[in-house]
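Chain lettering (A, B, C, D and E) follows the sequence in which the chains are written, and residue indices restart at 1 in each chain.
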Amino acid sequence: MSLLSATSVTAHYGDFQALFGINFAMAAGETVAIIGSNGAGKSTFLRALTGLRPTTGQNIQFDGALIAGLPADAIHKRGLAMVPEGRRLFPSLTVEENLQIGAAGGRAGHWTLDAVYDLFPDLRDKRRNGGTELSGGQQQMVAIGRALMSNPKLLLCDEISLGLSPKVIKDIYAAVPRIQAAGTSLIVVEQDVGQALAVADRIYCFMEGRVSLTGTPATVTRAEISQAYFGLNTEGTAA
Amino acid sequence: MANRILQALLALTILALALAPLWAGRADLRLLMEVLAYLALAQMWNLLAGYTGLISVGQQAWVGLGGYLFFALTILGGVPVFAAFPLAALLTAVLAVPTGWVAFRLQGAYFAIGTWVIAEVYRLVAAQVGALGGGSGISLPVAVAKSIAETRMGREYVMYYIAFALAVIAVAGVWLILRSRWGLALTAIRDSEVAAESVGVNTMRSKFLIYVITAGLTGLTGAFLFFQKLRITPDAAFSVNDWTAFVIFIVVIGGIGTIEGPIIGTILFFALREVAADWGTWYLMGLGALAIAVMLIDKRGLWGAIHARWGLSILPVSRNLPD
Amino acid sequence: MIWVNAILQGVLLGGLYALFAAGLSLMFGVMRFVNIAHGDFIVVGAYAILTAIVTMGLPPVLGVAAVLVLMAVAGFAGQYVVLNRVLGKDILPPILVTFGMSIILQNALLEIYSADSRKLPTGTFETSSIDLAGGLAVGVLPLCMFLTALAVIGGLQFVFYRTALGRMLRATSDDPEIVPLMGGNNNRIFAIATAMASLVVGIAGIWLAMKTQFDPAAGPARLLFAFEAVIIGGLGNLWGTLAGGIILGVAQTLGAQIGGGFQILAGHLVFLLILIVRPKGLFPRMKG
Amino acid sequence: MTVLLELKGVNKSFGALRVAQDVTFDLPEGQALGVIGPNGAGKSTLFNLIGGALPPSSGQIAFDGHDVTRTPASARCRAGVARSFQIPHPFVGMSVFENLLVASSFGESGHTDPEAAAAHILDITGLRHRANRHAGSLTLLERKRLELSRALATGPKLLLLDEIAGGLTEGECHDLVATIKDVQSTGVSIIWIEHIVHALMAVVDRLIVIDFGRIVADGDPATVMAQPEVQEIYMGISVEDAA
Amino acid sequence: ASRPIKIGFVSPQTGPLAIFAEPDNHVLNTFRKQIGDGIMINGSKHPVEFIVKDSQSSSNRASTVAQELIFEDEVDLLAATSTPDTTNPVADQAELNGVPCITNDTPWQPHFFGRQGDPAVGFDYTYHFFWGLEDIVEVFMAQWAAVSTNKVVGAMWPNDPDGNGWAHPELGFPPVMAANGFELVDTGRYQNLSDDFSAQISAFKNAGVEIVSGVMIPPDFTTFWTQAAQQGFNPKVVNVGKASEFPQAMAALGDRADGLSVEVWWHRTSPFNSSFTGQTSADIADAFEADTGAPSTMPLGFKHSLFEVALDALQRTEDPTSPESIAKAIGETKLDTCVGRIDFSAGPVPNIAKTPLVGGQWTIDSKGNPHLDITLNLGHTDIATTAEMRPIG
């Protein structure tokens, strides 16, 4: 059955419209990637799902219940967690406290401090450090761990590769299968198309607030992606 | 069209005020003096907070300094009254320079309370100046008051026109500044400081200049206010409620960041006071509640809302591109 | 010896100022928000205890409890109903709303209690003292007051750094926007913070009532002392706030040695001096 | 040909995060330089450093032969550095025309006739029909164009553009390119951050790629774009699956 | 009846000095009753209307309400009492705007010189009667001398009109004290409503002060005296103006008030009678206590005398519509009131008349009620002493 279904989601920033009727659906256990260039509306869409960005009179179903219009903390308690763009750790909290905050919603399950430390062993010996004293990659791990601590049914990851070196990105993505194994579904927002294709069962490509392409990694060609990504053909320019 | 009508109305009001001594009784004149003085104070605070975002809760410092300097100049310095007014204003502005140097170390809400602390310092220092009666305060020798006119009515008229001049200087002054090249910069700062910087506006200097100028004119108003009261004491001169709280309410209720706002606010403030005066404390509570309500309902204030709704403006400062 | 005594008395007085400041510091810490009516709320607390004990004749313990509960509830409600709606990037609304509250409170108190200055009589408690070596004597009341300050600040520290609530409060102070993603509700968290602050304000008010005379207009001066203590100590640092209060108290008593007129003045001047040499305060923790 | 802008070993970090690392390059007068790189690479930060909105943690910045490392933004603007903001900062309380008027009156040592200058710019950028509209009422695309116009109105020697083409249609994009070319033809040097690569390629004579605040590639646009590691960094599409 | 006479009255009904205004209503009612439907002025009967305003113990407020009385109510006569903060601004407005004005209950120097008065010229419209610093100095000095001490005096003089007056290097205490061999310990003018007097107290302890003297507002004295106890400071003689003039304040201090001494300017045993109601001082006191249940205080007599003088002057006025005429009548006052004889022509400076001052001391009886005894009459032989001056404790 479908875990999340959103129909014609729109969002505005003041008088500027960022999303134009996004239709989106995914089943439990799936991992879906959303790609698209800057300003395509990826983050805005995730914020709409989590309730951070109020969206007017449209219909978002999560886990069989209507969540559109609920306050963000209520949605979170239903098992929808997000790793925000740019990590957003709490600087005045230690690594461990950052993780504990994630559990504030009080959902029990597989993910505990120890489970997270097993997932990202680097963090265990940094547990007493301030969140900002870590490398970018480690910060991203904390951000992910923090979201996992609420034992979500669905985890939204907004550009977890942002500003990280390919090596680090690989390390982080190495954790994804284990997250899926714990029964968590994922939506991964990426500009890093390679990564997206690697982890996702299906992809959505956004362009200027609309879905410009959907498919599975197997079916979509790189040309299509470039087209959907920039509205142009890259080989054309490169040559 | 509506603007034309409002402007005509304004012109008529000014004319009527200019001729007030012809039609107003002694009590009315007194009231008008107070109204005009408060209008001046309101315009100054609005210029400061509404355009440079410097929310000062310490304007009483300038009112008090203006008053004390005026008394010092006339009593100790023997300076004639009409020379003492501008001098007091000038000296107040001069004192605002080092004051600002300290106050500008605080931002936002901290700047607000910081200016208040500084005003307190001035109050306590004034209380130490024995030559001006220390904490007892001092009376203006009747001779000085009489020096502006022999007859009682004559004095009333002269004082009225001083107040009238004050208000005109304040309103016209703010209007001219805002229409000037520099006013453009101030409005830009109001809307986005970082963008203003990026197009070449030296935001720091503009803010500081405004801070000093408003201090000077506020001091001038203070000099007048206490010339009229005849007696100055530290507590009266540096009262936060009389010289800052009311002024802030006037501006905010009327509409901060516009020239019309303070005018509307002042009229409203005194109209309310006339009907509700005998409610005493209740009136003040109502005033506070009104200010809170404005913030909760529409923080642009009365005129701000009107302007946004119907695009009215009595004293336009906008420059249109003719096409 | 005079100077030693002055410093001693100043330190004790500093306890009161730290109590004044703790609530302010807490609200700034969590909400980046300065309550201009803070001093007036302290005075409200003082009148409340006066009414509870003198007018209504409640036994002290009951009276104190009643006042503290009342303050906390009022704080929670006030934040939830009014202040939450004006918090934001624009600093004018919070300043103005609390300024309005300040005027309303002062006049309401004037209406109810008249402008006469009052004091909570505590019999021998306020006159008894402990003699130290060299003719020094410490009043029992000021001493208890100082110990209360230590306890209150220690307590707040504990809540902030040892409890889940404190963790959530610090997280909110770092980045309120994403706290909902952790299942936190900003409005409720803010209201809880204000409730805690109001509780402390209540305690401060009760000591104010016992320590000195107060009247409906006594609030603003208390706000300024509190504010100075916070800035001197450094934003968002509670122990720093205590230090700030002590520095302020000592500055005042030493100033009084120079001459009665310099008591309050000296406090303000020390504050301005520190502002000039250390704009971020002596022990900053948080970026203003 | 003389050097207009010169960065020497510029570093910038926000706490633990290093967003500019030993950035060093020269910009010859009249050149159009493109800057690309993934999100959060430090492109906008680079503009903040050049424009003076942020002070560098270390290193020197020289403009027009003078060291401006510690010069405030307003002074740099009057010296001839103008910039647009990635997230537009219009003066919402003013009309579009007044927005430009501020720039033309205070920017680069001020024009003799600010009104005329502002009006002229509006014609160039095609905002004339909006001249007397409140800037607050503009759409995001119009706001981005206002950013460009206002920057131009300061009469700059160096123009910094941060992602002004995002969300434009092919046609609009074409006009934008044309406009920028005209500006360059009047001798103004340009640095343009843009994700819309084809637009960028149509204008710039040189391309810099930034990753983690480091310059990882610098040179002729076509060659730089062709470099596999650039493709990898930029689109994350590694060379293998490109083949 | 013809045109009513309006009398504007300003006093500190609220604020730190509110206690001074306690007798206001009783006194006004007494006079309203006595006046009935009016008084005879120059052959015609005029109703009298009292318009009362509160100065809130603030000079700013006092000046404002005085202006209201002058410009809005257009009163014929202004009256004000109790400390310079109220009497001076009111008199200033009256003088400038040409409204006759009578004030009392402020030592005459702070009133006259505080208003920049010139002994050679005086004022045209404003008259004031009370005792002066020379009297208070004499009384306090006598009280100090009456008890054997080391003659070291700690001064508590605030930075307000009274404090500055009393501390004045020529007109105030210091010169006379020096002349009489008293050593002065003065820590400087403190701000009113201060939280903390530990500095003064420790200074006094250090200098071995045995006498404390000053003029403090009631709340400050309470704070001071409490902290003195905390610090273990126990002087032998304490006489502070203002604060210890009131039985309520003494009652609040409980046993710690026993032995405090004070200057007495009116007392139920005063030998003077009201010229308007014929009451003796005792009658006035009894009537007040019967009416309010509160103990009679010194201001009671002076409020009463203030209106005695006002009405007497009005009755002698030729043209009640002319301020000058009323002012002239006031100036010519020669009246025996319940506080003694008022004669502005006999004052130390123009527009000022002096009233007698004696010394008193408080005893707290077993039930904790304070009683004020006259202990020294210093030549005012008509005023009888009721007890001996004794040290505290």
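The rule we apply is simple: contacts are C-beta pairs under 8 Å (C-beta built on N, C-alpha and C of every residue); 3 or more make two chains touch, one makes a residue touch a chain.
In this text the structure is predicted, and so the values were computed from the model without any measurement.
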Which number of steps is the smallest that gets you from chain C over to chain D via touching chains? 2
With chain centres defined as C-alpha means, what is the inter-centre distance between chain C and chain E in Å? 39
On a C-alpha centroid basis, what's the spacing between chain A and chain C, in Å? 44
Inter-centroid spacing, chain E versus chain D (mean Cα positions, whole Å): 78
Per-residue multi-chain contacts in chain D, two or more chains: none
Where chain A touches two or more other chains at once, by residue number: 91
Identify all positions of chain E at which a residue touches two or more other chains, and write them in rising order. 158-159, 189, 191
Which pairs of chains touch, using the document's own definition: A-C, A-D, B-C, B-D, B-E, C-E
Any idea which chain B residues touch chain C in the complex? 49, 55, 57, 102, 105-110, 112-114, 116-118, 120-121, 124-125, 127-128, 134-135, 240-241, 245, 248-249, 252, 256, 281-282, 284-285, 287-289, 291-292, 295-296, 299
Which residues of chain D touch chain B in the complex? 51-53, 72-75, 77-78, 82-83, 85, 89-95, 97-98, 101-103, 105-108, 114-115, 118-119, 122, 128, 131-132, 150-151, 153-154
Which of the residues in chain D end up touching chain A in this complex? 15-17, 38-41, 137, 139-140, 143, 163, 166-167, 170, 195-198, 201, 212, 222, 225-226, 231-232, 235-238, 241-242
Which stretch or stretches of chain A touch chain D in the complex? 13, 15-16, 37-39, 86, 91, 132-136, 139, 159, 161-163, 165-166, 190-195, 197, 208, 222, 229-232, 234, 236-238
In their complex, what parts of chain B are in touch with chain E? 26-27, 30, 75, 124, 127-128, 130, 133-142, 145-146, 152, 155, 229-231, 233, 235-236, 239, 242
